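First subunit A sits with subunit B, and in the next complex the same chain sits with subunit C.
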Partner chain A sequence: MSNRIITPVAEFEDLLPDDYKDLINNGPFFEKKSIEDLGSFKEIIDDHPHCAGCGVALGIRLVAAALPSPEDTLIVGTPGCSFFGLSQTALNYSTTAFGNQNAVASGLKRMLKIRYPERTKDVVVVVGDGGIADIGLDLTLHSWFRGEKISTIMVDNEVYGNTGGQESGMSRQGKVLNMAPNGKLFPKLPIFDMAKISGCVYAARVTVASPAKVGMTVRKAIFLAREVGPTYVQIYTPCPTNLKFPPNQTLNIAKEAEKDYYSYEELMTPEAKDYLENNLK
Partner chain B sequence: MYVKVRVDEKKCVGCKLCIFACPDPNVLTYTENKKVSADENRCKGCGLCVSSCPKGALIIS
Partner chain C sequence: MMIQQQVVDAEYLLLQAERKMAFITGSEAVAEAIKRANVDMAIAYPITPQSESMHLIGDLYAQGYLKDYYRGENEFAVMAGIHGASLGGGRVFTATSGPGTLRAMEMFPVWAGSRQPVVCAFMCRGISLPPSIQPENIEMSMLLDTGMLMFHAETAQDFFDMILKAYIIAEQTEVHLPVGVFADGFLVTHTRDQVKLPPENFKLPAYTPESAPVPVFDMETPPMRITRDPLLNKSNYISYAANASWHQEILAAADRARKHIDHYLGGLLEVVDPDAKIFIAASGTAVSQSREALKLIEKKGVKAGLIKIKSIRPFPKDELVKITEHAELIVVPEFNAGGWLAREIKSVIDNNSRVIAGPRVFGGMTLPPELIAKEIMQRLRGGSEYVE
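For the complex of A and B:
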C-alpha cells in the first residue's frame, strides 16, 4: 500500500499490460487529483460491466476521483451492483459477506492503525442501499455507536439492482418494481437522519447530478474519519434498468429529486466543524 | 445495434460537463487543445453526455 508497490521494477516493465503502465504513468496516485481533473488522468476504475447510464457506476467513478489519498485507501464493499465497478479498480478493495461491511471495516481500520502507526490509512465503505439499510443496518449502526473512525458511503439506487429489482428499505413508498408488483408499502427509511443521532460526526446527502458536491462531501467525510469519528455520505445514484427510465435520463431524474426529496444537506458536530476549519486548506 | 458517441470539435467548448456525466471511466478525455475527445470503443451509448452538453456538441449514432 505504498507508492513503491504499484511502480513496476525495470525487469518486469515489459511484461505488464499497457493498461497497468498507463495507470502508473497517468493515474491519480502521485499528485493530488480531484473530480475537476477527471478526463485528464487515467482513472483508477477501468472497464466495468454496469448497465449503460448506470447511476451507481457514475457515483463510484466520482467517489474514486475524490479520494484524498487513493494509494492509502482501503475500500470495503459488499454484494450489490457497486462491486462490479469497485472490484475492477486499481484500489485496495475488500468485499464482505452481504451486510457485514461496517463490522469488517471497523476491524480493518483498527488493524491498519497497529500495522502502520506512522501512516494514515483511510477505510471507506462503499455499498448499496440494501447493504446498509436492510441486511447491514445493525452492523452499520453499531459501528457508528462505537465511534469507529471509518467513512460509510451509500450508493442509493432505491432498489436491489443486482438481484433484479426487489424493494429495499430505501425504495420510495408506492414504487412498483419487478419484484414488488403492488408497490412498496412503507416510506424510504430515514438513514440520513439516523446517522446524526447514532454517532456520525458528519453526514451529507447528495446526488450524482452535483459532482462537485459529491467530491467535497466525500473528501470531508474521509478527512473527518481520520481524526474525529464516523462519517456518512448518501449519494442518490438512480438505476435506469430497475427504475425503468431511459438511460440518458439518469441525471435528469437525479436533478428532479434534488428539487424534491433528495435536497442537498450537510450536518456536522461542532467538533467536526472546528476540525475542518483548522485542517482543510 | 451498436451505438457510440461522437464529439463535434467545432461545437465543443471544453466545459467538461460530459466528463462528469459519463458513468464509464476513461471514455471521455480532455485533450491538449482544450476539447473533449471520446474513446468510441469504451462508450456504451447511454447518452448521458449528450443530455449534459449545453452546446449540442455530442451525437450518439
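For the complex of A and C:
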C-alpha cells in the first residue's frame, strides 16, 4: 500500500488513538526494521494474551519484526494458540477453518497477483504444528507441490496448546501428553525433510533461542516466495504450560533443543541460492 | 491473452439484452453463464456429475475468459482456496456435488461469516452410504443454515440465469453473502434443453471490492489491529454479544436479498393457478415432473395449482402463507429421502396437516408424474395408506 493510505491528515491526527499514531510515526511501515532493531521501534505486535513464557508469542514477535514489507504483508492462520497473538498484529490477518491455511493463502496470493500485477504482496502462513503437520498436512503439501508463491512458517510448540495439551504429530516420541497416555508412540513428523522433496525452494529449521537466525530465515523465505517458489521455516517455540516447565525457562529449553535434536538447518535449491546471491544483500 | 468482451450494464445483460436460443446441456449452460460473468478466478475438483461444467470453465480459462484457474486437491481445499481468492477482492466461481459438498462443509459458514459473495454451483447427487451418483438433493437440507443464499434451478435455463444473476444479487452491499445455485444432477446437467442466451461478447461489470461492507483483505486499508475475519471467541459478554450480532446481521442480509431476488429472478417463487384449492409445491426438477402430473390429473377432472419455489434461502415465507391461505391440500414431491422441502413449508404455514411430504424418491429412482398424480388422487379419495 501507499504511505498516504496510513498517514493521517493533519486536521484529524489528534483524534486518532495513540497506538495508531505511534505505529505511523515509530512503526516498521515503509522503514526497514529488523529483529536487531527490536526495542527501538513500535512493533506491529506489542500486546498479546498468550501464557507467560509462551514460545509461540515470542516466535510471532520475531516473525513480525522480520517481515521485509509489513505494509504489503498478509498473514493467513488457523485456529489454535497462534491466532491470539496474530489477530492483534497491525496488518491483515485471516483465520477461518481448521487446517485450511495453505489453500486460503494459495487463492489469496493468486487473486492479489491478478489485482496488483505490478506490485509485491507477501502472503505468509503462520500456523502451529497441528495446523500445518496434522489437520492441514494435505493442503500444506499440495500448496508446495503446486509451487504456490507463499511462505509457510510453523511455530512448533510440539503440542496442541489451545485445546489443552494433546499430542500432535510434531510432539516427540515418548512424550506423555493428553491423548497419549502411554507416551507418543512414533517420532516427530519429518515435515522439514518433506518440504525439500515437495517443491519448497527454501526450508529452514530454527528455534526462538536464536532470534537473529529467525530473522534471517524468515526474510529469505519471504524474498524467495516472491519470485522463486514456496518456502518453509520451522521455528521451535516451546510451550511452558503444556510441556510443564517454568515460564522463565523457555529460551533455555529452546537452546537445549538446538544442541540436541532441533539443530539449525537451512536448505535451498540452486535457483534459490542464485536468487539470494543476486538480490539479497 | 484475455478475450475482449464488452462490459455492459448488469441490468441490461440480465434482463433486457436480446437473447438467442441454444440447444445445450445444463453443464454447458453453467459455462455460458461464467463466460458472461466477468469471473476472475475459478478452482476445480472432479466429482460426478459436476465435473463436466468445471472442465468447460477450464476451457474458458484457456481461451482467456478467466485470469486464473486450477485443480485443487479436494473440495475442502477448493472451497478454502476460493475463500482466499474472494478475500483478495475478486470474483470467483466453483462447483461441486454431493459428497464433495459434505467434504467442503466447514467452509460454507466461513464464506457467509466472512461476507464473501462467492457463487458456487451444486449439481446435487446422492450421498454415501450406500453410494449413489444419481440425482438426489439431500445435500441441500444440510446447507439450509450455513448463511448462504440458495437458489434451486428447474431447468438449464434457470441454471444459466440463476448463476449469472447470483453474482449481482450476492454483491449488493446490503447483501454481500455467498450464493449456492443448485440443480439436480444429470437431470439438468447431462440433458440438452433450449436455453435463451444473451450475446456472448457481453459481460457483467467487474466486481468492485470497495463496495463490500467489510474491508478488502489486500493491505490497502489502514493496518490497524483488525482481524479481517471476526475472531470473537473470547469468554466474555462483549464477545458473545458481538458474535451474536454478527450472526444476526448475516440473517438480516439474507432478508435484504429478497427484493433483489424479486427483481432479478422475478420472485422467490412462481405460481400456476393461484386460486387453486389443491397445490403441488416443489423445487428443482420435481417442478417439471409436477407440471406433467397436473396434466394427468386434469384428464381425471381435477384442477390443481403449482408452486415453484426458486429461492430456498431466503425462503418465501410470506408468499407461501398468502398463496396457500385457502388451499386444502399441498403435495410436496421431492428427490430425497428426508423431505426437507415439505418440512420447510410446514414450518411457515398454518394448519400444516394440509402438507403431504411426498412422494419422495431417492437412490437413483426417477419421479414419474404418475406417482405425483396418484398421491393427489388418493388423498382426494381419503385413501389412508400414505398417511404419515
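Here is the rule we go by: the second predicted complex is superposed on the first by the 276 of 281 C-alpha atoms of A that agree within 3 Å, B and C clash if a C-alpha of one lies under 4 Å from a C-alpha of the other, contacts with A are read in each partner's own complex, and residues count from 1 in each chain.
Following the convention adopted for this analysis, a residue touches a chain if its C-beta (ideal position, glycine included) is under 8 Å from a C-beta of that chain, and two chains touch if they have at least 3 such contacts.
Computed from a predicted structure; not experimentally measured.
Enquirer: What is the contact status of A:Pro211 with respect to subunit B (first) and subunit C (second): first, second, both, or neither?
Expert: first
Enquirer: Looking at A:Ala254, would you say it contacts subunit B, subunit C, both, or neither? Reply first, second, both or neither.
Expert: A:Ala254: touches no partner chain.
Enquirer: With both structures fitted on chain A, tell me whether subunit B or subunit C touches more of subunit A's residues.
Expert: C
Enquirer: In the superposed arrangement, does A:Ile5 touch subunit B (first), subunit C (second), both or neither?
Expert: It touches subunit C, and subunit B stays clear.
Enquirer: Once the shared chain is lined up, is A:Met154 touching subunit B (first), subunit C (second), both, or neither of them?
Expert: Neither subunit B nor subunit C is touched by A:Met154.
Enquirer: Please indicate which partner A:Val127 is in contact with in the superposed arrangement: first for subunit B, second for subunit C, both, or neither.
Expert: It touches nothing on subunit B or subunit C.
Enquirer: In the overlay, answer first, second, both or neither for which of subunit B and subunit C A:Ser40 touches.
Expert: first
Enquirer: Have a look at where A:Ala203 lands relative to subunit B and subunit C in the superposition and call it first, second, both or neither.
Expert: Neither partner.
Enquirer: Indicate the residue numbers of subunit A shared between its subunit B interface and its subunit C interface, in ascending order.
Expert: Common to the two interfaces on subunit A: residues 44.
Enquirer: Which subunit C residues qualify as touching subunit A in the complex?
Expert: Contacts found on subunit C: 40-41, 43, 67-68, 70, 72-74, 76-78, 80-90, 92, 106-107, 110, 114, 215, 217-229, 231.
Enquirer: Looking at the complex, which residues from subunit B come into contact with subunit A?
Expert: Of all residues in subunit B, those touching subunit A are 16, 19-26, 28-30, 36, 42, 44-48, 50-52.
Enquirer: Going by the contact rule at the top, pick out the subunit A residues touching subunit B in the complex.
Expert: 35-36, 38-40, 42-48, 50-55, 57-58, 61-62, 211, 240, 246-252
Enquirer: Across the complex, what residues on subunit A touch subunit C?
Expert: 1, 5-6, 19-20, 23, 29, 44, 70-74, 76, 83, 87-98, 100, 103-116, 121, 138-139, 142, 146
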